[in-house]
């Protein structure tokens, strides 16, 4: 459906998770009978959850824990852990910053150079724990550091920016040729954010194993006020799921995974992301609420310390429970911030579905949120 | 009307009671000339109101009062009254719990075993007062306790869960075969919640006398945030009323009653439920506001003490007036929380209708609530 | 446009004044060149404004002032002025009531009997000032008191209830036959509220000179929460204007005036009422804000002291300026609560229209209110 | 799309900037490669930004600064600078006024006569700095003062009122014949506000070089509450852009510039204005937040001191950073109030566009603002 905004402009309606809800159908099922298994490339995970490459969410220790819990933690290879030998003390400093100095001091802290040998040692530390290893670079820095990463060994290579396109144009530097890069690489690559059908389809054609869907829609981001850009997540995920389906046909059977990334604050949002067609979710805020998250009650993204145009801030988050309980319960609260996996299972069971792929077909309604 | 959420997903618009309003038509009528009589099976009630099987709403004493007022109070047969000889002291303890301990202590209190002899004695106490007897079990526990209930004698047997389907699938236990169960039972069965046309139609085919419409949409519930599931009530009731109409034809004349259950906080909501096609309403929050309600100013549902994934909380409610005044006035307030039946009558009179069945045809408009 | 709420129910979208806005077109005009004259029956008024028959808005003194300002003040003939010789002291008492006693005490005060001789003397007082005389009765009391009113002499006879239909049904009493009543009466009758096309068309067929459009939508009313009934005003006025047009044809040229009554809190709302097709407006809240209004900073309607089901309350209002300034400025404020007529003129001038009838054709847009 | 409000009225949906958002497409680009150049008539500007002719935004000094920064500052020729030799002291007085006296005292201050010799000297002061000179008159005063302005020498002549039409009707005075006036004038004229396709098309036919789009939609305005008039900006700009396109054809190639004026509080709004088809933006509130803006933390428009019907107020604004930083960063905040040009460039780069004209084609979605 297409609306006329004015004589010279038309637009499509886009939906946020808060605009929609899942509805139960005629069959129900025991939550115990439901599977949340997710397989990508050669890897199979018990839960379709990736922890986002943000310093407040993933440290080497939480990456190991995520792996042990059946998911995967993606380490930000341009964050504190690859800039500082003693990253813990920087985390502590950021947590303690008074509000008025936070942006300026974070800009300083994050201007320290990335040390390749720290990339190597951090990834080695994760691998040593026997869990899948995943690290993320931004498209701007991929060229510079990917060889270090590959040499260190990763099982999932994540290229993550606010918007990543298969066709970046620059007059001053040779942009990353994603297609060539992925072709030559031996490990599966997950790339994004993409927020539209076309952008995602082009990323799929580069050979990526997965596409991150999102555009800085998280709780710590202000891209709508600063850039006028907003890609409501329900529509974004359903569009990219449409690209997956069309690319599956076009490629003669290559299934590219759709990973919702951003705006997933509660268990209900995760349920809706899968209902829209996501194969897995990448969580930032939701995991930063763990009492053992590196942010220690704070959450921030890379946009918060942009030197010219900050588009987010360090935000305070409620500390709900240890990571394990945030994922699997028992939940001490009733607001959708803990037992995320249990809630997903129960929602699938209540609507009669038994695995994640099947649940993508669940019926949803447009029902904008409002206190009833 | 069907909307594209994104390329891979379409959805229908669903409406909450707050999205709609009744509009007066060309005829008016005296409120005194309006009838609210409701008949189900062999029973006729003066008012189409069932008190919900929740410990904060129905005790044996309030079940008796509801019957004497012309409605029916449904006792929760898995609540405090069948777990404790001295249920009053447990009610008092729950009322007095500090907020931070409420969930944990309620989980303990409700883990005491159900005592079949208490089922028997509680139902006998209600029957002794000469009013219709109604008790509720969850689908999970129906198999275990229904014989006790039937032996004790009930006039209405209620099977109530957040979502009850005619086709529950389980790998570990033999699920309740509703159709067989209802066929063999001698008393009319009311079953739900169901929130969609298909789910309700299947429940109707089991032989139920009535279907509860709802999915944990009450004031004390957080299913939307925790499970991503939400079934806005105006659409849910109108869909299930559509199932009633189609099943009436399919069955050659069996009329299954549609009972709205959830999200009915004010008299205006009750009016709208009937306008959408409900034959009767099951009230929780609205009756918990009675000064003589067992909750004593508090209200909670079974979801509040779920051990793994609580999906609701004990909430404070305003104490408005004694139950009789909450139902029949005079109302000391102007906010729709008292004289519920008087308001229903006045709304029917103002729009020119004389009985509940007829009023299901009243004209409504889509007019989202907003302070005008 | 018709929406499916659920399988068994469809509904039309209805719009409130806050949902719409007037847009300027290609021509502009001097505000001084704009006329707000309004003629009904033999009477011509400088401004299309009636003060509502509410004790907080119209006393005999304000009725006289309204007439002198070029409008008309309608006295409530069932209010304090016809129940008490010394109405002023009762007004003072109501203003001074503590919140917790207000409803109960107002119920007592308004239970005093109506004294026919006071109807006579109050109307005589207004007539003596040389202004048009207008009084209002409810449909329930019209039979009993209309002869007194007619004998006392009125220029406009107003019959006003929350919903007035041409076809009231009662088993216990002979209802007012509006058609016969109006036919036999010698003075023009204004009757309402009506909120739909059909209801208004039937009222027009009774011979009424004007129809009040509304259903208790004012600031002091809670009919939506209590009765589930709501008739958003923009749609109601445009529907009744449609009835006026169709009845004009059907009757071979009888023009029945459409008077918006309710929900007109600001000058902007008045502008929109005319834009929707209103010939005049009846103001309650907007005039209760005058420093010389009888309510003295308070506002209430008859619903506030209903004995069984109060559907409104005595509300505090800001005192903006004397009545003359509220109508004609200069305005000390910029929020649309003063210089109501000046604002109407300016809005007409800005959009290029020169009289009220013409301005009914102005272009409007759907633009739900939101802080921009 | 056309909606029935009621039987006698239809309306089109109009959209505000908050209703829409820009979405990234498949290509991305370096922000450094993006051009914001804007050319009108013989002038080329580095940035498509005009500072609005309001005393809280533009003084001769800020007009010079705006010119040096590559934009243009439009001096209000009916403001303090042409009424008072010592305008600075009046600015200081207005800033210091207590809230309760502000409207009354501002009415006095602005009643001092306009002094033609001050028009001459203020414009000369700006010209002496070697930047483009722009001054604004209201349509009411254009006749009286334009000769002084032309003699003083301006590069852009701005005629700005809340609504300016090509066809003003008056019984008492000879209105300004815009077409004749512009034809005879030697300098390019920018005129507005216009808010609809028709109004703008007629203004284009007068020979104007640019049309201002808006109707008092700024933060300091209350035209919706006072006049019932509202022209949501996204629709207004897209409609006027449609008029530009049609006039381009009709005139055989004359390109009239569309300048969004009002409701542009953040960088995101500026982005959306261009996305809707604006060639440039005129900023009031957004520039009043500069620490070196003449308003010194306050912002007001001419409507705030209207003697009969004030339609706005002096409002407090946050002081964000010096004007240069507000325009070009670095931004100390993440809320879209600083680095306006940097944000526009980044938004264009992220969506793959390289100049302002091209960016008018960017894809947008309807996505009403709501905290996600």
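For reference, chains read A, B, C and D in written order, and residue numbers begin at 1 within each chain.
Here, a contact is a pair of C-beta atoms (placed from the backbone, for glycine too) under 8 Å apart; a residue touches a chain by one contact, two chains touch by 3 or more.
Every value quoted in this text rests on a predicted model; they were computed, and no experiment measured them.
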| item | value |
| --- | --- |
| Partner chains that chain A and chain B have in common | none |
| Chain copies touching (chain A, chain D) - same or different residues, decided at half shared | different |
| Chain centre separation (chain B, chain D; CA means) in Å | 57 |
| Interchain centroid distance [CA atoms averaged], chain B/chain C, Å | 40 |
| Of all residues in chain C, the ones touching two or more other chains | 13, 15, 235, 369 |
| Touch list for chain D against partner chain A, complex | 1, 13, 15, 17, 20-30, 32-33, 197, 234-245, 266-272, 275-277, 329-336, 339, 342-343, 346-347, 350-352, 360, 363-367, 369-370, 372 |
| Complex interface listing, chain D residues touching chain C | 3-9, 11-18, 103-104, 162-173, 194-196, 198-199, 201-202, 215, 217, 222, 224-233, 235, 263, 303-304, 307-313, 369 |
